[in-house]
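Below, chain A partners chain B and then partners chain C, in two separate complexes.
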Partner chain A sequence: MVAQRNPLYSAISLIGVFISLACLYVTLAAPFIAAVQVIVYAGAIMVLVVFVIMLLNVEIAERPMRLRALVPIAVMLAAVLFAEAVFMIYFVQASPATPTRNISDVGLTRSIGEGLFTTYLLPFEITSILLLMAIVGAMTLARTGGLLSSRAAVVPGDQVFAKEMLNRQKYIDDLTPVTTHSTEEARGLLGVEDQDRSPKA
Partner chain B sequence: MTPQLSWYLALSAVLFTIGVVGVMVKRNVISMFMCIELMLNAVNLTFVAFSSFFRDLSGQLFVFIVMTVAAAEAAVGLGIIIAIFRNRESLDVDDASSLRL
Partner chain C sequence: MEDLKHLALLMIGILVAFTVVMTLVAYTVLAERRVLGFIQGRLGPNRVGPGGFLQPLADLLKFIFKEDIVPDKSTRFIYFLAPIIATVAALMTMVVYPFGPDVNLPVLGTIRLVITRFDVALLYVLGVTSVGVYGIALAGWSSNNKYSLMGGLRSSAQMISYELALGLGLIGVVLQSGTLDLYSIVEQQAGHLGISGWNMIWVQPLGFLIYLIAAIAETNRVPFDLPEAETELVAGFHTEYSAMKFALFFLAEYVNMFTVSMLATTLFLGGWNGPFVHQLPWLGVFYFLGKVILFLFLYIWLRGTLPRFRFDQLMAFGWKYLVPAAIFNIVLTATLQWLGAFDYLAQFLKTQTGFWG
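On to the complex of A and B.
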């Protein structure tokens, strides 16, 4: 997955990794987590990522590899890390008494639901607040320009606007409201493009 | 030969290391983002393995919460990526070197 140059291939490999992990969860007797893994990760999150990749559609620019001098040091450190891993696996295998597994109801949807709504109720609610914050944050980021949308309606006649709502470059450091007396003036202040809203005859 | 706990832990460590290497090597923001997801999944695998081998429910509940956090992170992170791309016309992290958007 890391070796791919194109982010789209990388994303598809990542989906493969997620589905393999879901299979591992099934072998670990956690069917609920496996289902959530497929639905949330391989379904929702990766669809979002692939959507963004396709939306932005950036060409891959080949760039020269920097820090070439550090490659031997990196190989040496990787060898040390690998030796440590082998050492640890050897001693774990040599140590006695890994716990044996029995049949139990841990990991079934029922037990997870009971746990979520009894012992872990507070983290569950905090998670819901986090999701709400994510929704608000995503909306704020997706919005462009000022607080008003570019298609905000301007009604004819006198109207009063708060300075914060208007084009920001003009009115920095001044918060008194502005009164306009015509639709054209209000359009200019709001930065709304001129569009024909008159009813069709 | 039944699967040992250490096998799952080793796989998880390998996945996490791949994720860390990806974050350090990649220059594309979206690729780095996916590597972070990979690291989260490696930790999830550890949680589920321990939860299953010790028959304790807490691990799987924590995995559930981690997945929710990952979903929230994906929503906000991709929003930030799109905002950066709008401003800089580039997904390269080296181009986004100042805090000012």
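On to the complex of A and C.
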């Protein structure tokens, strides 16, 4: 996933990573988490990511690799990670403790549901409120600014048009004129800055 | 030895289920063409074999021998990957559906007519279905064609929106039966003559309706076939696909129809439950497939009857009507569950079943 140059390939690889992760969860006797992993990450979030990549039509330019100096460090870190993995495998095999047979129902739907709606109800609800806040925040950020662009010409008592639209007659059909009664009102309506307030004759 | 036997049974089960479903899918295509022909006052394909019975075979041969065209500026790897994702995702859900009750076989003993059974089967179905979106979205993108891209984008938006309504519509059933395991859900629906216990009738009529509508949208069928709207987008996301790759998309669509119908049958129409299943377990398989075929016929019927949605109507309908209705259904079901209405109903149905055996 990291090595790909094409962002879409990276995204697809990431989907593969998520699905593999779900398989790991299954082997860890947590089928519910595995299913949720696939539904939420592979099924919903990554669809949006792929969607955005497809819409933006990102260039697949062969960029020169930046941060070349970091390559040795990255290799070292990877080696450490690998060594760690080898050690873990060795350690687990060498351990005399047999894996516990009765992993019981830790990963099953019922136990997770009970946990979420009894013991951990408050954190669960707080998380949902956090998500709600994120949604409202995103919408608020996306809706800043007035009704028209800051290049609008404001004539009190007259109809309000955007300057650039007046210059190019072909767009005149797209305009919805708004009648105002004072400069203040028009400015409030448009959300324009000072330099754009000068009336056009 | 026991493991080996289990494995062999599993393999046989997958093989049989695969063959049966694939055959039925092939004949769904034929049935669709014949029924549409009937609706539109024409004959449909009737030349290959008696009554057109061998038409699917002819179609398959034609698909195989057609030229396989790859657009010049396509993103080749993804272009090849997309139909595979679509088909695999469509076929993968097949393993969790209970096709019938426990049956006795001469050599193998008592076997259960479900390939695998696990705790979160329903979530598994939803998860795999949601991965299927990529097949269509990536196909649209990688073809490097504006019609394909439009189709892919429409389909992504549509499937994400309706997946929500679909999932919410199913929660009612889950709440009421208290499990995500499809086999248990089917077993719970055995009522009077194997009919009165169906979820659709007593407890989830609204959920059933929501699921049905959302499922048609999920499979990109009329009236929700905007991703491949012929009159607007040539053929939508599979405009640039030909030969077997197109056949894979075609297959994926019909297998999706099939799996969606199987889920509807399992959750709302009592799965393999029906009259006299307890005496003759093999009847269950026929009941199950019969109900599925009923749904498939409904699909074809709708295709011959309804015009296509406009895109804004589609979105408004999904988000402003289906989702609120589904949430209302959840609240209603939860309230009834809390009041103990379903327990009472189950008790009532149980006393009735005893009478009929």
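Some observations on this one:
Heads up, the rule we're going with is that the second predicted complex is superposed on the first by the 110 of 201 C-alpha atoms of A that agree within 3 Å, B and C clash if a C-alpha of one lies under 4 Å from a C-alpha of the other, contacts with A are read in each partner's own complex, and residues count from 1 in each chain.
Rule of thumb we're sticking to: a contact is a pair of C-beta atoms (placed from the backbone, for glycine too) under 8 Å apart; a residue touches a chain by one contact, two chains touch by 3 or more.
Computed from a predicted model, the values in this text were never measured in an experiment.
Within the superposed three-chain model, A:68 lies out of touch with both chain B and chain C [touch as defined at top]. In the superposition on chain A, contact of A:19 is made with chain C only, not with chain B.
Once the two complexes are laid over each other on the shared chain, residue contacts for A:142 go to chain B alone; chain C is not touched.
Contacts of A:112 after superposition: chain B is touched, whereas chain C is not reached.
With both structures placed on the common chain, the touch criterion links A:43 to chain C but leaves chain B unconnected. Shared-chain residue A:31: touches chain C; no touch with chain B. Note on chain A: of its two partners chain C and chain B, the one contacting more of its residues is B. The residues of chain A shared by its contacts with chain B and with chain C are 32, 36, 44, 48, 55.
If you check the complex, the residues on chain C that touch chain A are 75, 77-78, 81, 118-120, 123-124, 126-131, 133-134, 137-138, 140-141, 149, 152-153, 156, 160, 163, 180. On chain A, the positions that touch chain B within their shared complex are 1-2, 7, 10-11, 14, 17-18, 21, 24-25, 27-30, 32-33, 36-37, 40-41, 44-45, 48-49, 52-53, 55-56, 58, 61, 63, 81, 85, 89, 92-93, 98-99, 101-102, 104, 106-107, 111-112, 115-116, 120, 123-124, 127, 130-131, 133-135, 137-138, 141-142, 144. On the side of chain A, the complex with chain C involves touching residues 6, 8-9, 12, 15, 19, 22, 31-32, 34-36, 38-39, 42-44, 47-48, 50-51, 54-55, 108-109. The touching residues of chain B, when paired with chain A in their complex, are 2-6, 8, 10-11, 13, 15, 17-18, 21-22, 25-28, 30-31, 33-35, 37-38, 41, 44-45, 48-49, 51-58, 60-61, 63-65, 67-76, 78-83, 85-86, 90-92.
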